[in-house]
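Look for chain A in each of the two complexes below; its partner is chain B in the first and chain C in the second.
Up next, the complex of A and B:
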């Protein structure tokens, strides 16, 4: 259980700086450091068993169906990398405290940094390939956040996006590679996979696996041709560059190659791809480092070059090359992180990192100069420093390779030249900045950095010296245990010592030093040589590609997303046509075995009227009032259809709903234009007609097919159980309030929500209130008609009584809450129409929102009442009582639930209509006319 | 009879969809209403067309399939709520955008030559609040 804590603690640590943001800058840094420090202690504690030759493992299923487990392992390799990540991470936390400006958000920075640390630790300790990939992607995301930390800088944003795009795309290739490995081996467990090297190498898909995994690794470790993102990631704050772009993240690709070394290496393809890519990257990076003016750019390219060196070592595949690679990973992390931090100090204290402006800084910052000199010397491979030892190993191993046959001597020769370039740019960095010349045009007066800011560099430089002088004692055991996880016998015969005698590698090293010094002196020529080439900045190429891709996607999207509702509806309907037709096409014959019933004249007339009404609605659509009248013909026929085919409840409901809808639409016509302008072209009309017609035919065919196919219905259950189970004779009502009560509960909630939505839409609405009709005739100045008013007032209580009657009888006869509620609502609307909103409001002070809420609560509490008796929600209860005088009486909880429906229906309907009506009233035509006549007659034409 | 019923549903569907594809809000609302009727009739007919039956169990008439009826009943009420919502949305859109075109105002400049002068008149004559 200790092992996952190593990953978990930094993850929790990402919350600490956010919580401790008020602790001040130093306090925040200290708080942030606590959890990684704990993780480091835990790692050291666990390392005891690792040094004993064990592999510490821990696993917990996550998504077992995918083979994804939260599985962690700590072997020698993981241990080495974990120590590197945690150790340098802690130093970076200290350094960043002094590097960041007071206006930078320290909490955000530390939080991102901890997130990154978590993902990096996750990569190196994962025992499951998918988990490893998960953390791999997490590093891409957290590094994106870190690179773009200064979000106001365009270069930071672009650099971050480029890094994310390149490493993210590489990550996808990696995922594909991992899936293939999982397919070949049958598991994603790394332990098992490491033992299945031969199975993978002999599999026909080996080449695919190799290429996919290498693309992932190369993109992360900035190998050619993916190297271009790293220099642009230098827009990040320097602590980020020191941590991500020298010590850890760029090493993730290297780590992956080492981790999978037993599985995918050892073939010719591996040798050629990895060695040559590494070699080329090493040269390219070294050359580019020579010609950079930006110090961080120089360091970025030198990092690329050294990563190339490590990659090449991994490719060489000789006996000790892997050891040399692992060793150089450590050494490079140490000296490159310190160089980055030193450059950060120069940048921080001088305000620039342009090498043309800097020079002779030794006078101003002697300590930093000394530290940078040692680190630079280590990078150049000067003896007594750690860089020297791994470089010697590199040169030794380059002599061993035989794979290029007669041209094999080229490898050590090129290795020597590469080392010389490394010497040259190290000289350039150290001598040009700290020793030669004097600073020019600096934005601020340079001075020495505060002591604590130099502390992390001092720690690393001490390590450089210690490893350089006593390699076997300091890192020997660690390398030993790390290699045991990769190539068990690699340490045999290796002599990790400073002095091997005057041998060929030492000669090569000396030659490289001398040649490097010459190159440094000739650097002016190199610069003019470089100027002969057209400069193509990767940023512009990449940005151009991104913009072309975006434009292409925008065009493709515009094809179907034209922000036109008409287009959407058309596409949706066309899609529906396609889907609906599929089912029909598969049917052998449309008409089933059920015989058709004979026609009777009523039905013929009804159907004809219904169809005519619909067609007339379409025909008169531009004259809106006429279209509405035609629509109501269809409505009437629909009501009669329900009645004819034995559905009195439906007929009643539709009757009241249609009444209310037509009133609502008439009100709408007051606010909308009363005529539709002609806007559709002939082609569009034809197109829409064809589509609508096709759908109509398909729907009619499906309807006909269903009506003539025999099938079993589940409706009989409801018919049989209505009385014994629900206590009512009206099966439809019993279904609504009892069998499917929960459904109905949801539906009245929707009704209430729609009404509330309407209320919000009407709130503060700007509307056109026309003073004249479409024909420019003024509206009738007549006040509310007297006869209608008196009659409706008399009718109102009667209508309410009918409504209550319909509601009460619903359980046994056609009726119920829905219909009763709608009847009551139409009675109220009648009153509003006859007497006006103000008159009605004065007499009827009801807030319809409360009515809706009350209804929903009644329904909900009725449902919950069942809980008191230990029954599920909405279980109904009924019983019969015998009362003197009144006789047999049935009491059912379903009736109370129906009351809830009744209230919600009244509330919603009235809320919609009364509010819309209210909107019209203050400026109603009658009112305007009255105002106009009392004031002046000249306003009439207004 | 079934064939005639299906044909009527088909015609209602066609008219409804055609109107739904129009560009102004009011015809679209009409179209949606027609489409609602078509859908309700379609659903209703899933319980077969029965003459002289009833959904009451104690009146001695043959029984109908009550389930589609119950579903259609709630569908009618919900349909009403949705229609009302769309109508108010249309009014609001006209108030906010100054046009009753379903696509909003985006292409109005290009289409202005098709626009009926009547509408402009009305807008001018109306009181904008």
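Up next, the complex of A and C:
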């Protein structure tokens, strides 16, 4: 159980800064550091058993159907990375305290940082590929937040977007690769996958897996051709760069390659792709680092170059190359983090990081200069420092490779040249900034940084020296246990000592130093060579590509989306006609075996009236009020039809629904012109007439066919089971709240969402409120007639009582939450209409959003209540009680669920109608929203 | 008892006929009257007098035959009696606001319409 805490503690830690925002800057930093410190202690505690050769594991099923488990493992490799992440993370917390300006939000920064730390720890300790991928994407998102921390800078936003797009796209490829691996091996468990390397390598899809996984790893680790995002991520605050681009984010890709090394390496494809990409990236990064003026840009490209080196080492596939890669991961993290922090200090204290303006800073900040010099020397690979040892190993291993046949000698040669470039840009960084020349045109007088700000660098530099001088003692055991997870016998015959005698790698190293110094002296030539190239800013290329893609999609969308309601309805209806008549055409006979009922004069009259109403509605469509009245004739006839065929529930619902609908339409009509101009040409009218007629014919035929066809419906089951199964005599209600409770739950959720959507639309609406009618007659001065007002006020409680009565009796008699809610809503609307918004609002302080939310919660909790008894969601329960005075009483959980429906219906109906009604008043939603926002901003100002 | 039965049925029949007649008269009025203000009388008659008679008849009939006095019908009457004048009032108010034309022989002249008559 200790293991998941390592990931969980920093996750909790992401909340701490928000809570500790009042603790001041130092207090906030200290509070933030507590939980990762605990995680570090836990990691060290667990490392005891890891050093004993065990793998600490912990697993909890999450979505077992998908193979997703909350599984963690701590083997040597995870331990190594976890220590790096937590250790450097803690140093970054200290450093950021002094780096961030007082106006930057510390809480936000630390919160993002902790989230990022969580996701990195998650990657390195996952024992499940899907979980690993989950954390992998989480790093993309949290690094996006970190890089764009200074949201006011356009470059920060663009850089963050680019990083997110590139690493996110890579993540998708990775997911595909993981799915394939899961398919081949049959599980996502990393422990099993690590043991089935041969199965994957021999599988025909191996190439696809390899390429997909490598795209994911390369995009994260900024390998060619995905290297372009990393320099632009330098717009982030320096602590972020120091963390993301030394020890964590970019190392995630490397970690992935090392983690899956036993599974996907060892083939020719692996060798060629990884080595060549690494080699090229190393050279490209080194060259670009030489010609950067921005110090962070220099460091960014040098990071790319060193990542290329590590990648190449992973590709080389000689016995010790993987060890060298892991070792260099550690060394690079240490010296690059300290260099970033040193450059951050320079930037912080001088106000610029342009190498052309800086120079001779040794006089102003001697301590920082000394620290940066050691770190730079380590990056260059000077003996007695940690960079030297891993570089020696790199050169040694480059000599071992034979895969290029006769051209194999090129690899060590190029490795030497790459090291030389590394020496050259290290010299450029250290000498140009701290030793040569004098600062020019600095925005502020440079001075030494405060002591605590240098502390993290000092710690790292001490590590540099310690590892450089006593490698076997300091990191030997850690590397040993890390390698045991990757290549079990890699450490045999290897000594991590400083001195191997005068051998070829040492010669190469010396040659690299000399050549690097020469390159440094010739850098003017390199710069003029660079000027011969057309400068393209990857940011603009990327932005352009994004915008072109957006424009293309918009054009493609315009092709089939005309944004015309008439067109949509026409297409939808035509489609429906085609589909429906297709089925009808295949029927041999329309009429089934059920005999027709005898004609009934009431039905003839009703049907005639219904048809007349419909035709009149269409005929009067340009005089909307009259059309509305005609429509209500049809609705009335529908209600009577329901009654005629014994569906009182339906009739009741329809009655209230049509009332509410008519009010809704009247409200909308108020904002529309009273008369519509003739808009359709004769041909269009004819077309629509034919379409409508055809649909009418087809639907009538289908109805006829369905009604005359004898078949067994599920209805019988419901009718029989309503009493014994659901405890109610009203089948309709029992179906709604019990048999199909889950459907109803979804429906009320949709209803609530629709109401919220309407509110959202109305919030933004600035509408023309007509002050006169169409004939230029002003509105009546008597807004709220007295008689109507008093009567409806008296009727209101009565109406509410009726609604409660209808709601309560619903289980056994016509009624229920739906109808009851609608009745209550129409009572409320009556009050609004009779007394006006002003009056009602003063007396009825109900927020309908809360009513909807309360209803949904009641319904959901009632459903969940069943879990407590080990039953599935929404299982209902009922029983009969005998109460004194009241008598026999049935209590059912379905009633509570129905209460949820009742509340949601009231809330949604009122939210739509009341807000629509308020549009014309000073209480319109848009004004209210504006008022609320100005109030909150003034509160912020105070 | 039989005599009582006949008496009750007589009353019920009378009420029904009376209600039906009122409804017909109201309907004819709707069609025949010439201006809006007079037409208001028709529906008001059918919804109060006619409906009231029929509901009374129903109450009496079922009271006598089933022996229970049912109140829902009474509530129905109450609601009709409340809503009919209110809606009539609202309708007339809007008619007055719209200054709908009226026949010169329509009785009564609310001040809203006076200027119209003066112009005539």
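Note that in this section the second predicted complex is superposed on the first by the 582 of 942 C-alpha atoms of A that agree within 3 Å, B and C clash if a C-alpha of one lies under 4 Å from a C-alpha of the other, contacts with A are read in each partner's own complex, and residues count from 1 in each chain.
Throughout what follows, a contact is a pair of C-beta atoms (placed from the backbone, for glycine too) under 8 Å apart; a residue touches a chain by one contact, two chains touch by 3 or more.
Please read all numbers here as calculations on a predicted model, not as lab measurements.
Q: May I ask you to decide whether A:785 touches chain B, chain C, both, or neither, giving the answer as first, second, both or neither?
A: Touch partner of A:785: chain C, not chain B.
Q: What is the contact status of A:777 with respect to chain B (first) and chain C (second): first, second, both, or neither?
A: So A:777 only meets chain C here.
Q: Is A:905 contacted by the first partner chain B, the second partner chain C, both or neither?
A: Only chain B is touched by A:905; chain C is not.
Q: Considering only touches as defined above, state whether A:680 meets chain B (first), chain C (second), both or neither.
A: first
Q: Go through the superposed model and pick first if A:882 touches only chain B, second if only chain C, both, or neither.
A: Neither partner.
Q: Please determine whether it is chain B or chain C that touches the greater number of chain A residues.
A: Residues of chain A touched, chain B against chain C: more for B.
Q: So, A:152: does it touch chain B (first), chain C (second), both, or neither?
A: neither
Q: Which partner chains sit in contact with A:795 here, chain B, chain C, both or neither? Use first/second/both/neither.
A: In the superposed model, A:795 contacts chain C only, not chain B.
Q: Would you check which partner chain A:646 touches, where first means chain B only, second means chain C only, and both and neither mean what they say?
A: So A:646 only meets chain B here.
Q: Quick check on my understanding: which residues of chain A belong to both its chain B contact set and its chain C contact set?
A: Residues common to the chain A contacts of chain C and of chain B do not exist here, since the sets are disjoint.
Q: Can you tell me which positions in chain B touch chain A when the two form their complex?
A: Listed in rising order, the residues are 1-27, 29-30, 33-34, 37-38, 40-42, 44-59, 61, 63-70, 72-74, 76-85, 87-92, 94-96, 100-103, 106-107, 111, 114-116, 118-119, 121-123, 125-129.
Q: In their complex, what parts of chain A are in touch with chain B?
A: Where chain A meets chain B, its residues are 563-566, 569-570, 573, 596-600, 603-604, 607, 610-611, 614-615, 617-618, 621, 624, 627-628, 631, 634-635, 638, 641-642, 644-650, 653-654, 657, 660-661, 664-665, 668-669, 671-673, 675-680, 688-689, 691-693, 695-697, 699-701, 703-704, 706-708, 713-716, 718-719, 722-723, 729-732, 735-736, 740, 743-744, 747, 750-751, 754-755, 757-758, 761-762, 765-772, 774, 776, 812-814, 818, 822, 905, 908-909, 912, 916, 923.
Q: Residue numbers of chain C touching chain A in their complex, please.
A: 82, 85-86, 89-90, 93-94, 97-98
Q: In their shared complex, at which residues does chain A touch chain C?
A: Listed in rising order, the residues of chain A that touch chain C are 777, 780, 782, 785, 787-788, 791, 795.
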